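Have a look at this one.
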Amino acid sequence: MSERTDTLDTPVTPPSPKPRRDLGWWIRLALWLALFVVLLALPLYLEAQWLKAGQYMMVGAVGAMGLTLLTGQAGQLSLAHAFFLLAGATSYTVLSGPADDPELVGFGLDPLLALVGAVAVTAVLGLAFAPVAARLRGIYLGVASLALVFLGLYLGQSAESLTGGTSTGRPPAAFELFGFPFSNEGELEILGVPIRETERVWYLFLALVVVAFLLARGAVSGRIGRAWRAVRDNEAAAAAMGISVPGVKAGVFAVSSAYAGLAGVMTVLWFDILKPDESEFGTYGINVSIAYLAMIIIGGLGSVSGALVGAVLVNGLPQVLALYSTDLGWFTSTGENAFTPILISSFVYGAAIVLVVLFEPGGLAAIGRRITGLTRRGKDPT
Amino acid sequence: GTKGGGSDGGTEGAGGVQTDVGVTDSEITLGVMTDQTGPFKALSTGITHGNELWVEDVNADGGICGRDLKLEIVDHGYKADTAKTLYPQIEPKVLGLVQLVGSPVTAALSDDLEADEMTTTPTSWSSELLSNPYLMVVGTTYDVEMINGLSYLQEEGMLSDGDTIGHIYIDGEYGANGLRGARYYAEQHDLNLREVKITSSDNDLTNVVTGLRGQGVKAITLTTTPTQTGSVAAANKALGLNVPILGNNPTFDPLLHNSPAADALDDLHVVASSVPFSADIPKMKDVAQKFDAAGYTEPPNAGVPYGYAVAEVWGAVLERACENGDLTRSGVHDALRETTSADTGDLVAKLDFSTPGAPATREVYVAKPDASVDGGMTYIKQLFESEEAKAYKAPHQE
Amino acid sequence: MSGAELAVEDVTLRFGGLRALDSVSFAVRPGSLHALIGPNGAGKSSCFNVISGLYRAGQGRVRFGEHDITGIRPNRLAKRGIGRAFQNAALSPQSTVLDNVMLGRYALTRGGFLACGLQLPWVRKQERRHTERAAEICDFLGLGAALHTPAAALPYGAVKRVDIARALAVEPALLLLDEPAAGMNAAETAELADTIREIREELDISILLVEHDMGLVMGIADRVTVLDFGRVIADGPPADVQSDPEVVRAYLGTDSSDGTEAG
Amino acid sequence: MLTVRNLRVRYGRSVSALHGIDLDVPDDGVLAVLGSNGAGKSTLLRAISGTLGLHRGSVVGGEIHYDGKRLDKLDPAAIVRQGIVGVPEGRQIFARMSVAENLRAGGIGARSPTERAAASRRVHELFPVLTDRAGQRAGLLSGGEQQMLAIGRALMSSPRLLLLDEPSLGLAPKIVERISAIIRDIHEQGTAVVLVEQNAVMALGVADHAAVLEVGTLALAAPARELAESEDVQRLYLGGHAESEAEAERQVEAAHEQRAAKRGLSRWSG
Amino acid sequence: MDTFVQLVVNGLGKGAVFALLALGFVIIFKATEVVNFAHGSLVLFGGYLVVATRETLGWAGAAVVGVLSAGLLALLVERLLLSRSKLASPFSLALLTIGVDVIITEEIVRRLGVSLPFIGDAWDAQPIQVGDVTMFRTHLVAIVVATVLITLFFLAFRYSNWGIAMRAQAENKEAAALSGVRSWIVTSSAWLVAGLLAGVAVLFIATQDFSGAGLSRGTHSIALAAFPAAIIGGLDSTAGAVVGGLIVGLVDALSTEYVSFAFAKSAVFLVMLVVLVVRPSGLFGTKETTRV
């Protein structure tokens, strides 16, 4: 986990001097669009529980994209993601919370403003950590950032007027867009399917994922992405090319935290409650940080679309497996040594990680690159 | 085709009873969202078995309202995220939830339960939960347990006004609610309360007890896990502190008798509103015998009688709803509100669900660890209610 | 562009007890090709590092034109018009040649996360323009066929050329090259010599070159400064330096039967 | 005696780097391997020393034998124990370890402690600067110093066959001379050498045999002296170090012509 | 004062066990640059074998079996999984260990069912009174064992080629191989030793005296709590592991009393953060230096 750039690990793709907008480019665009259309249509066909699971994958996707920019593109190992998730969740809840509650701090902002505010707050928190981060490298940075998770939980649990405390937690304001509520209120139908809270939140999350995705892709392929990779691969060379290394590091920390903050907002909207409890297995604990790391490595470090796949796997698999097995009556034995669906999904999660590293150390993105090798050649891993 | 819209509103079913979700002409389905994989699997499994035993009994007697009972059991492994997706799946199938394990899970589902009018029994006894009218807490709440327990200690001369006591509590709904009781009692009796906040995974409390010893506490009260109770008991003895320890219902598990802390348990007192597995009352004997007959592999614990008792209360509520001719969700809720004295054969004190926000009972037993009996505990004081507890106003009590 | 002179004035650099540079002074005249040579460990790369702000000199100054750039932060140099290629060709191995070279455009372009992420029209336009230029530079260095090849898959000689291309992409007024010919064979070296000459002529910039290939140095340099143990032991036109007995003793060693002890 | 027969090497699934190489290195020989960038010289050495696997490469055909023992199935450490030691391209010293520790690491493959002690003495004689810098972090040495350390490290296990990948890379002319002297010296003490070099003057000066690789195939193999006289070799590999002024002129001329065909670079106009 | 002394005693005793755990991380990191997230599951596995064989072999026999099998499991993980992914970066390998960890931990927790066995039979819950101070026997034995083992490793690192070979190969696999370092021996011996240490550590961890809990998921978390210890000391330093372990033990004990228990876990991390800001590679770790 050192900073050493190990040419031995370099996935080497065969050289090819292809221009960018060839036939393959259009095919890929068409595939992305097709996927998007399918995602748009899903709420019309899927039951609430599947939508709920899908939403959770989207939460993961946003967070994972942020982390892959930081850790994959800019080479800054971070285990602080859970902290920024908590910060985003708390900020949204506080900013949008009612201003007249005697015990809880709230600013009564419009939910959209609160969302933007939460993202901004986490970005600033990321910036604030940057000076520390700039001094550290590799695994040391990783563990140092882990400290934020513990501190965050401690503060979150202590600051009851913000978080509601661990006893009751605090419900977030339902999201609203220019007066349109993302709840069960109001009648709305598409093709005879009532569009209620679950469906609405699905579309909200989908929109957020798409925006986050396009931003990340654009950034990675542009000037700023090159600066990130340069800082990752050789700081001295980066500096010689005019890059302020501490500045870029701070910037990418801010961007990544902003993503995590947005994922935090989505988390709290998904759970309908903010509750910073259970340091070990909670929603904002270290296992969450590790899960995000797993997503981006499974997906392929630095790969934005890989992060999406990683999120689908890590956040989705346990959910889908639990749903399926209850549907189909798998693993329903009880008793103290039973193989419950939850247990099975842990096994599958573990095995998936092992298999990916074993057979494709470059992550699923590497497989993807090989598959699309016919349409996409020699482009940077984005 | 696309998925159809859900049909709302009750329909007239067999026997002229209104029904909506989870009830057919032949079956009533109740949900169990439990933890068979995570940290509370021991207690949860006991409760589930208690639920199951009762269902068998009821069905053997011809069911309720002419319908057989059925349990829909899902495991969420104490993970709130999993529970959150599993809930929409189980929701359209069940009338209510006889068991919902886990404070984080309950918190995450609280809004949904209210929106779906889903009467639910959480395996949590926090009076904070009572803000949600659909949560039916069977037994008394942690705060009341603490108040009663402290008054017991004082009555027995183990504590006097003005003493210092230490309260160790798990940060969260469980611990904070216990602490609320301790604070209330300490205020009444001018006790000097030292609060120590821990998390559910901090198991070694030697340093905490060392600190409390330095502060000269006369008793330690606990709202902790059984493992943590063991650690406190062991340290209490090892460090030569030897003060009485008072714990809430969930602080004890019979497995403690097999731990190195076994020799240090004599100072422990457990307050609870449901009986230990070994209780010497006819109903308990009956349940215990059924448990043995059922051939479960797990050792029995207090979850079994509790699970049975909860189900009995549900039986009473459903019977009433049936009488009212309304087995819809809202009908069940109305029936619950009309239930003023649910009788569980003293597995749990008599319950009154008519006052929104108030605990259904304020009566508790006091028990002591006893390795020689099944369930590991014998009770040393019968159901009682202290003056302080009677006067106490729960946070959401109207 | 060729207006600025680089002057290293009395620079001393210490690492613990070691004096890597000891009162070093020399000047690179505008538009000239200046070579810095000397035995291994003499302090050449260290001198580059002082100029580019990576090392902080204990004493002395570095001037570029009228600006004092002593101890300037390294990332300011690109903007000042100093481009640098590294002794160990510090490229991003997974990135393509074009991507590596585009990095050199960093100081010439603008746009942060949002601008890039949103692919604003002016960003796209800027990207297109600069990509064209980067490709042109690659072409010039004979990398035209490898634009989309990851750097890691290139043979060593090509890697060195990518590094030079990246330094050129900064559009420098002064180009620092640290052993550009290392790892190249004679024909390639000759070609490189040509390239370097052409760079200077067509772009009219100054070049400071560290190199051990005397054929190359003597063939193209206008002036040579020789370092030994951190001190300047000779400074002058190539021919003079080449025949300086001190330089022969310390560095060249040709026809020296006595040169076996030093090192 | 090292024999390489019909060696074929591939990187990853698609890049074929060597397609059928035959070579012999006698026990008392010095073989120089020449070839332009990407010809496969380093690949050849990696194949012999068993380190291809670390570069995603593999031997896909042919055999390598040393003293009758088949090498291409052995792992690198076992090959070192056969007495074959390599100095990889780009030095690859242990940057975070001290100079002394680097040398100690080099001695791990030594056959006996006495041998190790002798080797150590020899290394310090050859490269006194390594003695002076014994305690320094190797990564902070200058480029040339690192090269000396890399060679010294290889000598620590008293190899019988030494594989050098561009040892003159980045070395001052005087040191290059010294390295050739050292190679000759090493050779005289009974170590065979395979020397991959860009500096053909130096390589052909010390080698008795030479081979020229061209994109993965063996273009020429002959005694060094003969090769040095070959016109192609002179033009391609000896140019920069041409003995005659006229020769150098001619090359520059030729290069110019080549360039003329190519596009130049004009100034960037903002 | 009593309280302070008692806390220091508690802290040092725990610190010794943390040091043992930290050493496990350090050895593997030194040899491979991989951070072994599966350390917790090795600890659990060793403990589980003690539980499983205690009935038949008696405690001492079972303890030996437990220690050995933790070592073997580590070896197996290295041979069967890590060694097969030669091309994966230390980063990916660290992830691989997370995968392994999840599987082993979940399976052992499943097998443990609802039981929470304590396994420090020979020393657990038999405190000794020295004046007003209680000495926990588990702590005392742990201090002795940790001192002996750590000294042994220290010597092995210093006076054998093992240590050099480890560092060489962690830094550059190719160059190490070319120096005759038998990569698989170095790597597997590192894993074996780390596994054995995990096996020893669990005999102290799953006790009333140390963790207050029997073998369970919590045992696993404790192993990871030794992580800051390894970092504070410097991930590639043996001496650092010892110092880091003791610091963690003390900070944990003292902040419980003088700040708050809830803060103790954060306190350990805060101390770590401060150490890292001042010394970015830990107290004794090798500084990262690069040059161009």
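Order of writing sets the labels: A, B, C, D and E. Residues in every chain begin at 1.
To be clear about the criterion, contacts are C-beta pairs under 8 Å (C-beta built on N, C-alpha and C of every residue); 3 or more make two chains touch, one makes a residue touch a chain.
It should be emphasised that the depicted structure is a prediction, and the values quoted were computed from it without experimental measurement.
Chains that touch both subunit A and subunit D: C, E.
Centroid distances built from C-alpha atoms place D farthest away from subunit A. Of all chains shown, the one whose average CA position lies nearest the global CA mean is A. Subunit B and subunit C, compared by their mean Cα positions, are separated by 75 Å. One finds 26 Å separating the Cα centroids of subunit C and subunit D.
Between subunit D and subunit E, the centres computed from C-alpha atoms are 43 Å apart.
Between the CA-based centres of subunit B and subunit E the separation comes to 38 Å, rounded to the whole angstrom. Subunit E has residues 87, 110, 113-114, 171, 173-174, 221, 262, 265, 288, 290-292 in contact with two or more other chains. For subunit D, the set of residues that touch two or more other chains comprises 15, 54-56, 140.
Residues of subunit A in contact with at least two other chains: 8, 12, 14, 157, 234, 236-237, 279-280, 336, 338, 343. Interface residues of subunit A facing subunit B in the complex, by the touch rule stated above, are 44-49, 52-53, 56, 157, 165-169, 171, 184, 189, 191-194, 198, 270-273, 275, 277-283, 318-319, 322-323, 326-327, 332, 334-336, 338, 340-343. Within the complex formed with subunit B, the subunit E residues making contact are 2-3, 6-7, 10-11, 14, 110, 113-118, 120, 124-125, 127, 129, 134, 136, 207-214, 216-218, 221, 252-253, 256-257, 260-262, 264-265. Of all residues in subunit C, only 1, 15, 37-42, 45, 87-88, 133, 136-137, 139-140, 142, 153-158, 168, 171, 179, 181-191, 193-194, 198-199, 202-204, 212-216, 219, 250-254, 256, 259-260, 262-263 touch subunit D in the complex they form. Taken together, the subunit A residues at the contact with subunit C in this complex read 5, 7, 10-18, 214-219, 221-227, 229-230, 232-234, 236-245, 251, 255, 377-381.
For subunit E in complex with subunit A, the touching residues are 29, 33-35, 37, 81, 84-85, 87-96, 98-103, 106-107, 110-111, 113-114, 171, 173-174, 221, 227-228, 231, 235, 262-263, 265-266, 269-270, 272-273, 276-277, 280-282, 285, 288, 290-292.
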